[in-house]
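Beneath this line is the structure, given in structure tokens, with notes to follow.
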């Protein structure tokens, strides 16, 4: 778990798309990850709401990080598939995602992500819910890549 | 369809997240939309592959635009949910998405998106497949917003 | 809600496939439905486990009934789509499903179903989790059908 | 493939729920499976349409059988998850499912199923589309079970 913490933080730091979106790791425990995005105009679709793709990216990445807390040092995870329901048009100051592992398996881990939009009064509203299936695999050996 | 073409182009032009990602409208016909992204380092996850969130955003947005070609002028679409399977680790010069409407309904439209990664020799490989459910609704009246 | 209770019970009584499967309504509250199936050999796939289709049917039907508790008398729901993760091979004496509405909307309602397998000691294990999107619509007028 | 054919036929013959539903294997090729159900009142939900659970069972089972055609003799597949869109209320004489493998992998295979309702004039209409993710695994050794 100590190593997983370092690995999870590393993923947030070195993944260019995550850095570009402004995703910030908020909390990390065994099987749990919270992350957030400070919303700007850049995250919007054509009508001023947060783009579904932003919510999906946060939900997927946060679920993957929750899965990483439960794997061995020589392993990695890759998203095999996910499904997301956009429950309400999302608007606000901040997007917060809470992911938890539902089932950690030898080859597949399933995690769920709840995405909340937070307004200027820190009031949170559930705007999306995702289920993410991750493939657990051995990291490629550096020489073998 | 003439208006739909203008509306679809508008969505690509004015959606900040789509512009930020570098999504480009490639083709638009009745029930069909193709779009692409020139890949840069910014689109990557921690291991150098295209982030699932980039693929999901392209698949969702392109499916929504395909749906827009089949609605009336006073209507709009919003993604209700989507599911995406990431079939292979995606790498290459360009991401190309081909979306087609499977069923256009009065309140729900279902579209499918195939995402291809194109290498330097223009060889394309299917890297993801998504099914997108869109809610068709009347545009809010400007005064009533 | 009183009418919804009657309608929900009616759906379990008159839906032939549900009766054939042995689905039993266990609990009904506003936005919530629990249902069960006493498992027999008939519910199995080729290796002696409960068929994914049985779990999916229970998850879908129970979610739909939870949605019915929140609609008006002149409305009905139809499943637009669902996604189910089969978390563990399911075996036991009884299958129990707990469904709850995540978001009730004017045209779309989203509900979640957790399916548990119960062994001979009444110990329950989560075997599947589903997200169900339901279209809410007006019942067809009898003459207009 | 010869063994896969025998194995696929066996799955249809010995899976009690599939026999109970009246599922019939129609066609089997490398990566492809077609199957059908003669519709009776038993397959209906409360309003006389084919229950979503029947369509889901057929879509899942037929996809799994398509996957079986591409695995080794010592392997088996189990559905990890599936998602199905119910496109139209289904009614008719026969349900026909056409499944094809989209990507066959070492640990995961993804297949798609199209479900058609056939009326008394043999006219077919697409009523559902599913994406099925299957885990490929070694069969348990008989002694080791």
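Observations on the structure shown:
The letters A, B, C and D name the chains in turn, as written, and every chain counts its residues from 1.
What we mean here is this: a contact is a pair of C-beta atoms (placed from the backbone, for glycine too) under 8 Å apart; a residue touches a chain by one contact, two chains touch by 3 or more.
Being a predicted model, the structure only gives us computed values, none of them experimental.
For the pair chain A and chain B, chains touching both partners: C, D. Comparing the contact residues of chain C and chain D by number shows a mostly shared set, over half of all numbers used being common to the two copies. Measuring from the averaged C-alpha position of chain A to that of chain D gives a distance of 33 Å. Between the Cα centres of chain C and chain D there is a gap of 21 Å.
Rounded to whole angstrom, the centroid-to-centroid distance between chain A and chain C, based on C-alpha atoms, equals 29 Å. Looking at chain C, residues 80-81, 83, 85, 110, 131, 133 sit in touch with two or more other chains. Taken as a graph of touching chains, this assembly is fully connected, with contact between every pair of chains. Looking at the complex, you find that chain A touches chain B at residues 10-11, 14-18, 20-21, 41-47, 51-54, 56-58, 60-61, 76, 78-86, 89.
Looking at the complex, you find that chain D touches chain B at residues 83, 85, 87-88, 102-103, 110, 112, 126, 129, 131, 133. Residues 80-81, 83, 107-108, 110, 131, 133, 135, 137 of chain C are the ones touching chain B in the complex.
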